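Both complexes shown next keep chain A, but they swap its partner, so chain B is in the first and chain C is in the second.
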Partner chain A sequence: MSAAERVQKVGRFVAERFPVEKFSFHSLFQKKEVPIHRMSWAYYMGGLALFFFMIQLGTGLMLLFYYQPTVSDAHASVEYITTQVSGGGLIRNLHTWASSAMIFCVLAHIITTFAMKAFEKPREVTWITGVVLLLLTFGFGFTGYLLPWHQIAVNATKVGLQSIEEAGRYLPGALAEVPAQVRVLIQGEAAVGQATLSRFFALHVVVLPLLVFATLGLHVLLVQLHGMSQGVDRPTKKSERFFPLFVLKDFSLWGFVFLVVFVVALCLPFESFFSFPLFQPFDALGSTPEGIKPEWYFFFVYYPLELLPFWLVMLGQGVVVAGLFLTPWIFSGTSRKTLSIIAGAAAFYLVVITVFGQDIYQFFKGE
Partner chain B sequence: MLNVFLFAGLPYIALVTLVGGTIYRYRSNRFSYSALSSQFLEKKTLLWGSVPWHLGVFILLIGHLIPIFLPGLWRSLMVNQAFLLLVESAGIAAAILCLFGLSVALVRRLTVAKVQAVTSPMDLVVLGLLLFQVLLGLGVAMAHRWGAVWSTQTTTPYLWSLLLLQPNLDLVANLPPMVRLHLVSAFVLVLLVPFSRLVHMFSVPLAYLWRAPQIVIWNNPRRFREVPVVRQFVESRRYFLRGAFGLTAGGTLLTAGVMDKAVSFFRGPAMSPEEQAALLRKRLQRLEMTAEERELELERLRNNYIFVANLKELQPQAGKYFIDYQMRPALAFRTEDGLPLLISAKCTHLGCTVASAVDANKQLLCPCHMSYFDLHSGAPSPGSPALAPLPRLGWALMDAQGKLLLKEGPHGRREGEFNVAQLEECGVFICKEYEENA
Partner chain C sequence: MPGMGSVTHGKPAAAWLMVMSLALVGQTAFGYPEFQQYVQKSSGRTVNCALCHEHPDGPEGLKPGQIGSLTAEEMDRLNRARAAFQPGQTVDSPILNDFGDAIIRTLGKQQLLLLRQSPEKLPAALGTESDLDQDSIPDADEYVAGTHPLDPNSGQPWRLFLNNLKRFAFHVAMLVAATLFGLYGLNNFLRWFEASAAETTEHGLEDAEAFRRVETVTHEASRRSRSAAEAGP
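And now, the complex of A and B:
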């Protein structure tokens, strides 16, 4: 193949994924149709995740007015927000609840889009940006968890970062030292301390949001450009207009969901599910309290790490992430029925390990 | 109790019934939303009943509403004595007009056979109650003069307290019984509005005044074709208006609520100086804690020996806490032979800190899950949740000049010599070399 042909091929690839002729209000909004079939509910998942992200932006910015990212002040400032600032407890609760809701929606979104084969040509780039957004969302969860600087936050972060270092045991020779150095690079110092807090804070409030803006912008633009995927193997003829009908339905769902999250945040502090000493300020010299666990959305990797050999989990994780990135090419010929089964199995695993993880752990460890 | 019911409970029941009941009646049975006319059956007497009554009650209504809704204006008008006199006499005249009209209407209802046929019990109740109410009002005007003035200080604020949902019964507690009865009877009348012909006050056919004298309804093929379209258009416009209204109302409420919270959020708390001082002190403490931690870490990074305690301070029964090279808690004892014993205090079960007291069995207790550890070997007693022993720590003894006398590794290997006399002056240290070997 000559160089010119290669350039042409690349040009064609890009042109198919980014059809410039569709960059018009008419094409992006007025012409777009949303198919109606038994999986139609899944078309709302992405919008819902976007809505929760917007809540996170709003409440996060509000928290930023009072939060202080230093080891000595972080916990005190969070306490100040919850107990002194008018409506501060509500805002903080809303931020924690909506973060969990956002991760839930993102996971539901990726599972349903997988089952609906929404990654099919020409939507590969949409899918890949989606996977990147998933990883970024987990990054938000991990970095945000440390910021209150209470016992569970710091200790869970330590455990999380420890697992990076453990990868060193499976690397040969001089490479064995690399993971430990990576860990120190992330932490900024020998132990989780001020440098770690500063880094996580910067990541959580500046770096990750900027990355999300860029990726999300591309993601949403591509969704509008290509329209909704057909979603089922045998599409029904029925569809509804995206604008204004579907948008209105989207908005009313958002309104309802906001009401629910708001009421929950008003009545139920997120912390009420954990025992009290976990929320005391982190004390390096004191003993580690019981029940240090990551947030529920990391259970799917936390419990396997506790139960299975480390290398197996790491290998599995690597395979899954690589598989997610390559999904558009791996599953290009698979029928939606098969994809649904795979997606169902993944959803089943996530639900079971998240809900019954502790019981499974105790069953195998016999405690 | 009765007082509370009559002057706080009853008005609210009446108001809610009025609003809910009239709306319900309008929606469920729209054609009943008026007074059933009996003009067709008898109209000579009706003229002498209806016209004076409606004229009088209209004047009275205005005379009651202005002091309620514009009390300031009313009071400033009443300062003028001539005007007060005019208002009072106009009121009494209107009341007499009403009385006359009502009496005629009542007699007509009770005597004319045709009208009796369409009269419901409720009509008679309403008529009687109105008569009673007007008589009471007239009585109040005669017995307690200048009501136009005193009402602005008593009943007007009372009605306002009801409207603002903060009923103040003190305002009506000391009023003469006749006035109170007038109020109660008014509440009952309001209560009866949705169930009686009184609703017609909301359906006054004012549109008759400017509508076309005739309304012509015609049907032709063109019209026939257009009607469904027109109707659909009208319906969709109604839905749109309703939706827009709902959205606007909801949006306004939401904005108000969010602004209420957001503004006070950004304004921040108004802390008392004491609270501010306490907060600053807390932050200072945390900062000191962090600095202390960091100093300990640095000390452990730089020094090969860390001072734990003077040997003579250590006791066999109660340990002294210190921080080992790994920044974990540990305990120091002095055994019977006079030498130190250093053991980790981090429970091997879940990392709680072990208590410092030694019990009668020479065991240490972890209070979290009741693990007992032997002081000398560190081994957990059978049945303890902890399975691994607490590790022993190596130590070194140095005299006051910093000369190393004796060392013991974590596994009990000793180096150096000592005599008992020197021991009292010695300090106990932990050594980096043992940490690295461990």
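And now, the complex of A and C:
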């Protein structure tokens, strides 16, 4: 293939993924249709994830007014927000619950999108931006977890960073040093301390939001350009207009979901599910309380790490992440039925390991 | 648990006072881990000394809230707490938190020492009246559940949820009303769109557009016939 042909091929690829002729209000909103079928509910998951992200932005901004990103004051400032600031406890709890809800929705969105084969041509870039958004959401969770600077936050972060370094043991030659350097780069100093907190804070409130804005903007634009995917094998004859019908239904769902999350945030402190020593200020010289664990959305990798050889879990994770990025090409010829089975198995694994992970761990370890 | 830490460090004056007071009170200075062990076993939650003490690592040490860091005035308060053998005496121990002080005040040191043999009886001895963090869960119940009696965010989740739901009933009712009104408005808006444009059809957008064209033509025809009727024969 000549260079000119290659350029032409790339040009065609880009033109199909970014159809400039559809850059109009008419195409993006007025003409857009949403198919109606048994999986239609899945079209709302992306919007819900977006809604929770907006809650995170609003509540996060409010927390930013009082939070102090220093090892000496971080925990005290969070305590101050929770106990002294008017409505502070509610806002903080809303931020915590909405973060979990956002991660749940992003996971549900990617699983249903996979099952509906919504990554098919010309939606490959939409899918890839979705995978990037999933990783960024996990990044938000990981960096935000450290900020309150309590026992579970610091110790879980230490474990997380340590596992990065451990990957070096399984890499050949000069590559073996890379994970350790990555750890130091993230950590900022020899141990988790002020430099780490500063970096995580900067990542959580500036870097990741900017990356999300850019990726989310592209993702939503592509969704609007290409419209909703068919989602089922037999094309449905029923459809509804995206604007205003689907949008109004989306708003109704957001209203209901906000009511639920708000009431939960008002009445059920997230911390009540954990032992209280885990939320005491981190003391580098004090004893480490039992029960240090990452947040629930990392259980899918945490419990396998506790039970299986490290290299095996890392290899598995690498394959899954690479597989996610390459999904549009790997599964291009796969039927929706097969995709639904794979998606169902993934959802089953996530639910079982998240809900029963501790029991499974105790069963195999005999503790 | 409320107890006396062993004397290991401290300022000379404080140490001297401590030795003297220990001699006076005649108690060996150690924490009471029996209560903590019972709570951990019964609740399945991790519990540390911060349940009753100022410092999570207990009374022994040099850190704030531990015996080695106490001033002369704080040692004086500690000794008064140590001497509170009978219930009903107000104590303000520098190594105990408010729950620890409340236990000494309610039971007295003597009964507390006896309860070391059967820590499961502590809740009954404390009663259900005291709720220091005002989360509507009595301190004695929080002790059994392994949650913190001084932290309103720590408690059995379901019980905490129900208590807070009652406490914020008005706020929740207002929120539900606001949401219902909003949803009602959106729903009517939706129905108006559906009725006026017939957006959701059996055959999708093409039919909707065809419907609109027919409607326009019909409207135009009726307008013409009205004009003709008004113009007369």
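Here is the rule we go by: the second predicted complex is superposed on the first by the 362 of 367 C-alpha atoms of A that agree within 3 Å, B and C clash if a C-alpha of one lies under 4 Å from a C-alpha of the other, contacts with A are read in each partner's own complex, and residues count from 1 in each chain.
Here, a contact is a pair of C-beta atoms (placed from the backbone, for glycine too) under 8 Å apart; a residue touches a chain by one contact, two chains touch by 3 or more.
Worth saying up front: this structure is predicted, and the values here are computed from it rather than measured.
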With both complexes superposed on chain A, which partner does A:61 reach: first (chain B), second (chain C), both or neither? neither
Determine, under the contact definition given at the top, whether A:185 touches first (chain B), second (chain C), both, or neither. neither
Partner chain(s) touched by A:355 [first = chain B, second = chain C, both, neither]: neither
Quick one: is A:7 in contact with chain B, with chain C, with both, or with neither? Answer first, second, both or neither. neither
The answer to whether chain B or chain C touches more of chain A is C
Which partner does A:308 contact after superposing on A: first (chain B), second (chain C), both, neither? neither
After superposition on the shared chain, which partner residues are touched by A:206: those of chain B (first), chain C (second), both, or neither? neither
Answer with first, second, both or neither: which of chain B and chain C does A:239 touch in the superposed model? second
Touching chain B in one complex and chain C in the other: list those residues of chain A. 283, 286-287, 289-290
Chain A touches which residues of chain C in the complex? 45-48, 50-51, 56-57, 146-148, 151-157, 160-161, 164-165, 168, 171-172, 175-176, 179, 182-183, 186-187, 189-190, 193-194, 197, 199-205, 208
Tell me, which parts of chain A touch chain B in their complex? 62, 65-66, 71-73, 75-76, 80, 84-88, 90-91, 190-191, 193-194, 281, 283-290
Considering the complex alone, what residue numbers of chain A touch chain C? 31, 33, 36, 82, 89, 237-241, 244-245, 248-249, 251-252, 255-256, 258-259, 262-264, 266-269, 271-273, 275-280, 283, 286-287, 289-291
Which of the residues in chain B come into contact with chain A in the complex? 261-262, 264-269, 271, 275, 279, 282-283, 286-287, 289-290, 293-294, 296-297, 323, 327, 329, 346-347, 350-353, 368
